[in-house]
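Take this structure, written in structure tokens, and hold onto it; I'll ask about it next.
Labels for the chains are A, B, C and D, by order of writing; each one numbers its residues from 1.
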Amino acid sequence: MGRLRGFASDNNSGVHAQVLEALANVNKGHAVGYGGDEVTARTIDKFRELFGTSTDVFFVYNGTGANVIAIQAFTSPYHSVICPQTAHINVDECGAPEKHSGCKLLPVQTVDGKLTVETIAAYMHGIGFEHHSQPKMVSITQTTELGTLYTIEEIKQIADYAHQNNMYLHMDGARISNAAAALGCAFKEMTVDAGVDVLSFGGTKNGLMYGEAVLFFNHNTDAVKYIRKQTAQLHSKMRYTAAQFEALLSNDLWRKSADHANKMAQKLASKLKDIPQIKITQKVQSNGVFAIVPHQIIEPLQKEFFFYMWDEHKSEVRWMCSFDTQEEDINDFVELIKEKVAQTCQRP
Amino acid sequence: MGRLRGFASDNNSGVHAQVLEALANVNKGHAVGYGGDEVTARTIDKFRELFGTSTDVFFVYNGTGANVIAIQAFTSPYHSVICPQTAHINVDECGAPEKHSGCKLLPVQTVDGKLTVETIAAYMHGIGFEHHSQPKMVSITQTTELGTLYTIEEIKQIADYAHQNNMYLHMDGARISNAAAALGCAFKEMTVDAGVDVLSFGGTKNGLMYGEAVLFFNHNTDAVKYIRKQTAQLHSKMRYTAAQFEALLSNDLWRKSADHANKMAQKLASKLKDIPQIKITQKVQSNGVFAIVPHQIIEPLQKEFFFYMWDEHKSEVRWMCSFDTQEEDINDFVELIKEKVAQTCQRP
Amino acid sequence: MGRLRGFASDNNSGVHAQVLEALANVNKGHAVGYGGDEVTARTIDKFRELFGTSTDVFFVYNGTGANVIAIQAFTSPYHSVICPQTAHINVDECGAPEKHSGCKLLPVQTVDGKLTVETIAAYMHGIGFEHHSQPKMVSITQTTELGTLYTIEEIKQIADYAHQNNMYLHMDGARISNAAAALGCAFKEMTVDAGVDVLSFGGTKNGLMYGEAVLFFNHNTDAVKYIRKQTAQLHSKMRYTAAQFEALLSNDLWRKSADHANKMAQKLASKLKDIPQIKITQKVQSNGVFAIVPHQIIEPLQKEFFFYMWDEHKSEVRWMCSFDTQEEDINDFVELIKEKVAQTCQRP
Amino acid sequence: MGRLRGFASDNNSGVHAQVLEALANVNKGHAVGYGGDEVTARTIDKFRELFGTSTDVFFVYNGTGANVIAIQAFTSPYHSVICPQTAHINVDECGAPEKHSGCKLLPVQTVDGKLTVETIAAYMHGIGFEHHSQPKMVSITQTTELGTLYTIEEIKQIADYAHQNNMYLHMDGARISNAAAALGCAFKEMTVDAGVDVLSFGGTKNGLMYGEAVLFFNHNTDAVKYIRKQTAQLHSKMRYTAAQFEALLSNDLWRKSADHANKMAQKLASKLKDIPQIKITQKVQSNGVFAIVPHQIIEPLQKEFFFYMWDEHKSEVRWMCSFDTQEEDINDFVELIKEKVAQTCQRP
């Protein structure tokens, strides 16, 4: 990677200064382990302020850990989980959901990474038929892995349908802050109020060093502490996980960081519109831009600004912005694209 | 907890100043995720300097994660793992080894937390008999969960026996630094040179914020990256895990910290010998002291210096020292014990 | 069910007289359990005559048991198995493959229940990428769940592709006898000679009381006996399983029974062609007929000849013939269909 | 095996003539698969007559299948199951319970294969402590793997203790008929009336070809049909499983067969008392005799009457009687033992 910052992923960025400061501040003396400390208690209260008092909070290490705990909490191995084909749980966790829960995933083809009541309904067959895995959970990602966004109303419709069919709604919120910032709403409106049962609340992609939280809304969670431990997701020195979230949830840091990342993506997309050889493939609704790019320029670009190929066959790439993406990064990157495109297109 | 520091666990202590500094230093710009960064490469090299060039290093979040990855790497579900009854994998991981690997654990009764060739051999029956789980791994903890220590020779004997019987030797090294400090040897002598196949190298209990490493010696580890990912133990912002280990392994910080903790335990034990009502139950060979204590004084002591009951029935407690335990902590604690003992024993 | 025999499934039929006789004959005195008896040895030899001497045979109770053993034998939990969306392992085993193996299934859309090199290749991405389940097995069903048939050449192409890509080829042969009968070939040509690595050899659907066999071709199967036992598929009184297969493999009983069932399906299909309201939806290549049928006649038909709806939305049904299906069953059934169609179509 | 019948196991014996006849009788026409047939319904009713109307019955293939379904029905992977060290689930199922359920087994040392409230209580620690597997089930075997017997009162005490501690009581009844015959009681008194929650009802060891049943008493069993299917224990041609049980439960065949086997064991034991070199090691309370035998005679004996070594170190063997053991088998066997003992003991 040539430049200090690239567009590979919001987890290639570092730790927000306020988060690092919080880690230093909490580093005093001993504290009871495994979440029995004051910082953890305080941070759970902060989550409850934002999500309501019936919220139960379980801090974990990473997103895969959060997702598999959420799934295990609400399923038995003979159940299935309906999710978009592009869901992180389906394609980016090396089969962790199946391994940890024993469940079958039912991957749904989508154009924009979003489920709808109609596409879910197509999988609701064989109910009560012992030969079939029984659908028990719907999992949506907000914002989606394709950078798109569910409206609150869309979430409500899915939640209602799930509940009518005796299923739970899981939201993979690895980028939940970007979603709330984009929708300009409170976390609560988009989750518990919309009918979400369990949320993987992402921290790492919005400026934490590590750490996610699994939030259960209005459910008995007596079993979850055992599931977390058995899933190897219980941190002993929990105060350090909690302190990061405390910083993130204080002074709207989560929103400021996410909002900035979203704006940078908008800026990038808007500048790309001037380049006819670049075709943006998904609505830019959060902090990612998906685009089909002339194949020859990809490698030269990556040498300076690292990013990932999304779909080799289509020459589609993914460019993610982060809390620390600078305007100059965007400007420099777009200039470089223009330059590379120009070089390429001159050739006969 | 009344005092700043207690004796509950070496994971109740904080992060070593040099480790925290390393975290701040690494917080610059973007870095490729999941271990593709320079700090990770550098730190793996550091491990190889200490353990030999045939060492493969996989960073993970915590000890349970390290242990279940080590087990999965060398077993199939029809195998069994022989370990002391007191092993962390047997009693403190909420069944994670069985869940993740599908294997049966064969817990061996011991007096000091240590296996021997003889006690292992008693479990070697039904080999080739399809009705029985087939022993495939021996797991020992160094230092043990009871604060005791294997000599290098004892490890060699167990390793030889394991290999002669087509088994692998796993070492749970949650406190591997305390062991090397206590034995005054290099890591290598006690592990790879003694025949250990896979080591859970502990960081958290020796001054890291989080982070352990699974070290494989002279084995094909092609599968391990998938196992780590599927076990939800792959950190995206890996540079922060690696940087902590880099600090720990630099300038002998690991040894200085561990040595200090060990010495504090020796001091505590030596002072306790003057109190006839306190009976030390295990050899004090590392940073822990196990003792039978008059039952009435336990709660009053815990109010000021937090620690855990080890065995309720025997009124046995565990006191752990840490890299940051101060001499005054020891002195104050022993004074308090004497005081409480005196109050109690005056009573008829 | 009004009539003595219906068209619901080839497992609704009974036990062939010769198989029942074999069971009675083997019922003398004691025999070593779990397969250590003479009948089992003799029957394994019979399989080796048919499939080659490098064939290892493991008798199990049922098809799901056979399939999950085959999968476990060749995979680790971080692997994936590519199969048609309609595969029994994908839709009719209540998630057993995922639960037992930990693997992800990759269900491929097909029109006729058959995979091709092209449709498999579309799933071969992310190889070596730790975030993705790694494809390790291709599973095809012969004859397919839609009654269609792979040619030997088609199987060879898939096997070659699988092996070139470091994968194993599993064949679910619940109806392998129907396939060999339909192709007029030996079992061997269609399986081991074509590159199949492991075969679930079906017995129950061709006149056994219970029992399937897992056949491995040219592979080290040391682990399989443990896998079978742990999967709860090891029968203690094994001679009774073996004796049934001995009968099935003797005097070409397997071929005669399967051939008859296939012929009955041909007859049924040929008679149905006269009824314009019935639309056959899949090639009739073995013992099943799939057809779209006027919705109103389904229930009345089922009252006399039991069968299953295949696809409610399309009003598609499945009619299976069996070793004991009689010509008069076909005639009576077709007459009844004509009658019901007539009644229905008269109505305005 | 030289003789027609040996003493290896009650599963080395054949199928009772009445059971074989029932299989022939049920072999007429087609029947709905997977338990939807009339024979299955009728046989479930028969079980309900014997165990009460709140009994739910699930037929399976074998004992391991029955046990792992019972465990899965009442546990989550973070639970543990307390059982005798000698339990079939602990030592003879190749780790199937751990693999299928994810649970930890807690094996309890016993002298006679029987748990007591006291020995169970020793494992009831760490309740509510997330680091420990949580005890959720007690599993006892009736008759035990050592041929001993729980009294009804002993079962009641264990059941009461289990329920008081929020656990379920499972009974592995592989030889439940021998137990009821030995106690001279109804099945009901010893199981549901004594507080058993779930019973693995054995058939194979009492004259069936294959087949066990899992019986749940007064519990919601909605999930069990999926668990059975996913565990690969659902027989398609269920009428053949059911018909065997129908025969077994009719005309007290179960009791007559078990009673006979028990009596043969009594006879064997009584005759062995005259041979001072044979030391019977367990109370002979059902159909098995455990004895320490001069090591030199074991192999010569096995050549004529096959049986298994129980404990190599102690030269302890197990002799099982069966429904078809004849008096002459006993007489011949004892004569042979006397002869071999005499030959051996003459030597200096």
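In this text, a residue touches a chain if its C-beta (ideal position, glycine included) is under 8 Å from a C-beta of that chain, and two chains touch if they have at least 3 such contacts.
Quantities reported herein were computed from a predicted structural model and do not represent experimental measurements.
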| item | value |
| --- | --- |
| Recurring contact interface, reference C-D, options A-B, A-C or A-D [over half identical by residue number] | A-B |
| Selected pair, greater C-beta contact count between B-C and B-D | B-D |
| Cα-centroid distance, chain A relative to chain B, in whole angstrom | 33 |
| Separation of mean Cα positions, chain C and chain B [Å, integer] | 51 |
| Separation of chain B from chain D, taking each centre as the mean of its C-alpha atoms, in whole Å | 42 |
| Multi-partner residues of chain B (at least 2 other chains) | 77-78, 93-95, 99, 130-131, 226, 229-230, 234 |
| Touching residues (chain side chain A, partner chain B) in the complex | 1, 4-6, 8-9, 11-15, 20, 23-24, 27-33, 61-62, 64-65, 68, 93-96, 99-100, 204, 209-210, 226, 229-237, 240-241, 306, 322, 324 |
| Chain C contact footprint on chain B (complex, rising order) | 34, 76-78, 130-131, 134, 223, 225-230, 234 |
| Chain D partner contacts - residues on chain B that touch it in the complex | 77-80, 91-95, 98-99, 102-105, 107, 125-126, 130-133, 312 |
